[in-house]
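Two complexes are shown next, each including subunit A; its partner changes from subunit B in the first to subunit C in the second.
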Partner chain A sequence: MLGRLAWRNLGRNRRRTGLTAAAGAFAALLMMLALALARGSHEYWIDQSVRLYPGHVRLALAGYEEHGTLEYGMRLSPALRSALDALPGSVGWAPRLETWGLAVQDADGSLGRGAWIVGVDPERERELTRLFDGLGSAELPEPGAPGAVLGADLARALGVRTGESILLLTGDYYGSQAAERFRVTGTLSVGDPRFDERAVLTHVGDMQAFLDAGRTVSHVVLFAPTGERADDLARELSASLPGGYEILTWPELVPDLLQMLLLDDAGNWLSLSILVVVVGFGLLNTVLMSVLERRREFGTLRALGMRPRAVFGLVLIESLLLTSAGIAAGLAIAVPLLLVLERNPIPLTGEQLAAAVETYHLDPVLVFDLSAAQLLGTSAVLLVVALMAALPPALRAARGQPREAMREPT
Partner chain B sequence: MRPTAGSAYRLGVLRWLLIGVLVWPAAGRAQSFDPAELIERVERSLRGDTVRMRAEMRITTPRWTRVVEFSSWDDRAGDRSFIRILSPRKDRGTGFLRVQGTFWTWLPRVERTLRIPPSMMLQSWMGSDFTNDDLARESSLSEDYSARSLGGREREGTRAWGVELTPHADAPVVWARVEAWIEPETLAPLSLLYYDEPDPGRFELLRELRFSDVRPVQGRAFPHTWLMLPRDKPGHSTEMHIVSSVFDEPFDEALFTQEHLRRATGVR
Partner chain C sequence: MSALFRIAWRNLLRGWRRSAVVLASIVVGLTACFGILAWTVGLGHNGIDLAVRTHLAHLAIHARGYHADSSTDRRIPGDGAAVLSAVEREGLGAAAPRLVGDGLVQTARRNLSAVIVGVDAARESRVSSVPDSLVEGAYLDAAAHRWASRLPPIVVGEEMARRLGAEVGDKLVLRVPGDAGAGAFRVRGIYRSGSSAFDRSFVYVTLADAQTLFALGNAVTEIALLLSDAADAPQVQKRLRGLLAAEPPLEVLRWDERQPRLAQMIELMDQFSWVFYAVVFAAMAFGIANALLMSVYERIREFGLLRSMGLRGSRILLLVLVESFLLTGLGTGIGLGLAVPLVAWLGEVGIGMGWFSQALGEYGFSDRIYPELRPGDFPEPIGMAAATALLAGLWPALRAARLRPAEALRHV
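Now for the complex of A and B:
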């Protein structure tokens, strides 16, 4: 009975009801879009950063993170290989053998630059990371004929071109000097100075021979289907291996990315909270106005025997109905819109904005990701706000004395 | 049971007697050496005017052990030295040439000579616990340090003379202090202790070089095993065995040239 009464009451001032519902719909839509954008871009940022090089999970010997030297390298035994292959939560893994050294131009040998020399498995990197994405037609280092892909800026600084050769000088696995001539098979530019200005990427097999390192690698990176599944993968990995290893996940490997995400989250929460408060006051205003207008009416209802609790309930139900209508309209727009946006990320135009995003080595696009939890959460938050906004007017309506209320002019 | 006044007195007398017995002969000897001259004599007995050596160096770390064989020519009088690596295979032919303050290495894999800057003289030589300076012998205990006597002392069951060496201001060394312990009869070195001075007045032992396996070579008591123990790297050590040594033979001038350094066939 109260529900029908509330529905009819809303119908009595259609323009006001429509406007308020529209405001609710707009708020719902905005919140859903903002949350989907945050979720989508975070997933995308994690994916892009992790797939540049670090991986979702990194496996190394205990102490590697602290020391990072060849001494803490681990032996990639056949048993370890098959343990890595057997992980159900992993989409793939790639070995790396890293060290620091000097890259010297071969022609006259006078020009040397500090280099980050990394042995990789090019086929696995191609499949799992975007390290070699910008390489174009250049060939990847093949095992057996020492070849190297140089960061584009490093190659420029050394004055070497594809097809020419460089000398790499560093310490080998035993701390003795290692020197080898490598043919430059290509240059790469990924937008990260760590790679563009310093990296020398070579085949892990050549690197092991160069460093006299046997089957030793620095670490192995593993990839999960999504960033959220990294912890599960780390747990799986830890359970399948004996002790003595160090297993880190991307938030530890790329701490500045995590900080950026947290900062972004904080900003989103702040602006969404402001939006919710504004919507709440708007609703409060509408409901309060409608209650004040109907003092006489509520007095009559009370005089006819309606209990204060029922009057209170009536006002609450009106507010909830109004907001629900808004949320329904919001959902009706948001869901199809997000389904479209999910498939078609919005490219960022505007040079400054694009440049700002590129400092994080990301493509300048806005990515959306729809999640049922977020849609439900937004709806629930708005309904709670509707209830809270209706509380003061409802109390007021329920408290009014019939005699005084009916004496008021309509 | 608390000691009575009488027993404490007896203990005190006993202690003084004991110390007197121990110190008497050492103190008598301690006055009989001039520290600077002693160091000069020790260095002469270790390096001669020239010395040609063949050595095996066993490097031990917690994770691996390996042996490096090399030949070296140390021309102390001419302030120059030459080293050629004989094994392992990967490093065979690698050469080191020092002429006064300049130090080069030859990398046969890429056929390149590299100059090793002075800043790298104290870095590890061939992955061992010896430094480039230890092997190339740029610094000299008798020339780059001033000596002060530490007297005679009992060290690990052997009587030894101690000399404290403090580097001259312009010396190409980083050690704040070196302590040399020498066997008084034969003048063979027992150990060298290398100290850092992290805070003024506080000395910290960084590494210890122990000599053993002393056998006579050309009239000198020559230690054939040199064990280097870095104090900051537990589980690491390098033991050098001198396989053969010839002192005071004249060296060919051509030994200390870039051409010889580059001659990978120059392995002798």
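Now for the complex of A and C:
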């Protein structure tokens, strides 16, 4: 009965109801879009970053994360290899041997740059990471004939082209000075200055020979089928190995990116709550006005024996119905729109926008991800706001004395 | 007109509850808008300030072509003395010569790539905050060479010291491209600039030691200029270009020309806050339109009476619009009255962002943001508020103006 009464009351002033519901729909739509964008883009960016280099799980000797230097390298023994191969939760692993050094142009010895020299297993990287995705037709370094792929900006700064050679200088595994010539087999550009401006990628075997490092590698990265399975993989790994290792999962490997996205989330929540508050005031006004208009009516209802609790409930139901109509309209637009956007990520074409996103080493693409939990969450938040906004007018309507209320002028 | 204002004002007071709720939504929305704008401007300036004060400076003078290809081959001869004296003679700002080059920092078994900066300690402290940001030891002061060791001094960032496992007094080897190749140094001090990315790669030695290391004689690669007011940069740049026209060929670049992305960031943040404004103002417009519409419907008989007494439709249109503007104007005024002191206070104490310090440090921000509003930040939201008042008021106003007097009078 209360529901029917509430529905009729809303129908009495269609324009007001329409406008208020429209405001609700506007808020619902914007919240759903903003949240789907944040969710989709963040997941996409995390996945892209993790697949560029860090991996889902990283295995190294204890202390490697703190120092990241050669003396924390670990021996990739046949036993360790077969342990890694035997992990059921892993889709593959790749060894790396990293150090910092100087890349010097062969022709002009005074032209050099600090370089991040990484020995990789090109086949494994090609299969597991997107490190070599942008390489095009260039050759990957082959073992035996020391070759290197250079970050494109590094190659430009050194003025070297594919086929020419560079001199790499660094300290070897035992602390002696090491210098060796590497032929440039190609350049790569992945959109992250840590790679484009600094990276020299060689074959891990050549790197081990260059650094006199035997079978030592800096770390091994492992990939799980999805990011969510990384923890399981880390547990498996830790169970199959003796102590003394350091096993980190991707949230610990890209903490700065995760924090940046968290900061973005915080900003989103702040903006959306302001939107909700402003819309909540509009709702409060509508319900308040409709209560003030109906003082006599409420008096009559009370005089006919309706309980104050029922009057209170009536007003709340009106507000909930009104908001639900808005949410329904918002959903009706948001869901089809998101279904389309989900399949068609929007590339950022604006030069400034793209540049800004690239500043954080991210792909300039907006990805939407529709999630039922978010749609429900948004609806729930708006319904709670509807209840809160209706509370003061509902209390007012319920508290009025029937006698006085009926004497009110219309 | 003043009669219109009086009537409009009285009408707003008649439905004071309704007006108060609309007012509250405008005040909350607007204060939040200004708050968020101030925060983004503060964040942008934080990043720029940190970059400018650590290394970028407001203006930098290099040999021509250095910006496109920053090699130590492009140099300014004679310790840059000619340029420095020209800058100082003209009183253009604080200037410091630097020799900047890429190199490798090595301990017994560790290698890290570094940007090696040779500086004149006394001058450097006038253009950079690094000399004042030491967490341990001392900077490259004049006494450095007479210090307990015969090795020349080096100052490194906290992040690099951590990775190298180096402490004050430890020996480091710097290796650079070229014939001279390498030199041993002893850690004299450890600094923390606020940007972990910077602290990981920039190391400082004396200018003379850097010249020896890079075998560059008495050349420098850069003269950094810090101005008392960043806004003067374009004028000073123009004057310098005139002054330095003679040999050798030099280039004078502003910080935003050397780091265009940093400059773009603020513009972009401005654009994002525009989107946010649009959303909040649209939400406010629904509330304003609704309240005015209600008030118009309550007054149909009144409008009929006014019309039949000879008030023209256009005056009634104006009346309702004036109500809309009064309401919005009042809300804007109160919103500004709250936001300006709030931002001023937050700008004094700053907002600690410790939770996000890793990300902020990595992307070159310090973890305390000082919100600020520039004079240019006010006209746009205020203009948008006026546009909102106009758009939200138009529908109710047209409704009121189009009423037929005879029907309106009979309305119950």
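The criterion applied here is as follows: the second predicted complex is superposed on the first by the 368 of 410 C-alpha atoms of A that agree within 3 Å, B and C clash if a C-alpha of one lies under 4 Å from a C-alpha of the other, contacts with A are read in each partner's own complex, and residues count from 1 in each chain.
Note that in this section contacts are C-beta pairs under 8 Å (C-beta built on N, C-alpha and C of every residue); 3 or more make two chains touch, one makes a residue touch a chain.
On a predicted model such as this, the values are computed, not experimentally measured, just so you know.
Look at A:Trp100: by the touch rule set out above, it reaches subunit C but stays clear of subunit B.
In the overlay built on the shared chain, the residue A:Ala179 is in contact with subunit B alone; subunit C does not reach it. By the document's definition of touching, both partners, subunit B and subunit C, reach A:Gly171.
Once chain A of one complex is fitted onto chain A of the other, the partner contacts of A:Thr349 are absent, as it touches neither subunit B nor subunit C.
In the superposition on chain A, A:Leu70 makes contact with subunit C only, not with subunit B.
Touch criterion not met for A:Ser82: it reaches neither subunit B nor subunit C.
Using the contact criterion defined above for the overlaid structures, shared-chain residue A:Asp212 touches subunit B, although it does not reach subunit C. Here subunit B and subunit C are compared by how many residues of subunit A each touches, and C touches more. Comparing the two complexes, residues 71, 104, 109, 169, 171, 173-175, 177 of subunit A contact subunit B in one case and subunit C in the other.
If you check the complex, the residues on subunit A that touch subunit B are 71, 104, 109, 167, 169, 171-177, 179-181, 212. By the touch rule above, subunit A contacts subunit C in their complex via residues 13, 15-16, 19-20, 22-23, 26-27, 30, 66-71, 99-102, 104, 109-116, 157, 169-171, 173-175, 177, 198, 255-260, 262-263, 267, 270-271, 274-275, 277-279, 281-282, 284-286, 288-289, 292, 352-353, 355-356, 358-360.
Those residues of subunit C whose C-beta lies close enough to touch subunit A in the complex are 17-18, 21-22, 24-25, 28-29, 32-33, 36, 69-73, 102-104, 106, 108-115, 162-165, 175-179, 201, 260-261, 264-265, 267-268, 271, 276, 279-280, 282-284, 286-287, 289-291, 293-294, 297, 353, 355-356, 358-363. Contacts from subunit B toward subunit A in the complex involve residues 59, 61, 63-64, 66, 68, 90-91, 94, 105, 107, 109-110, 112, 114, 124, 126-128.
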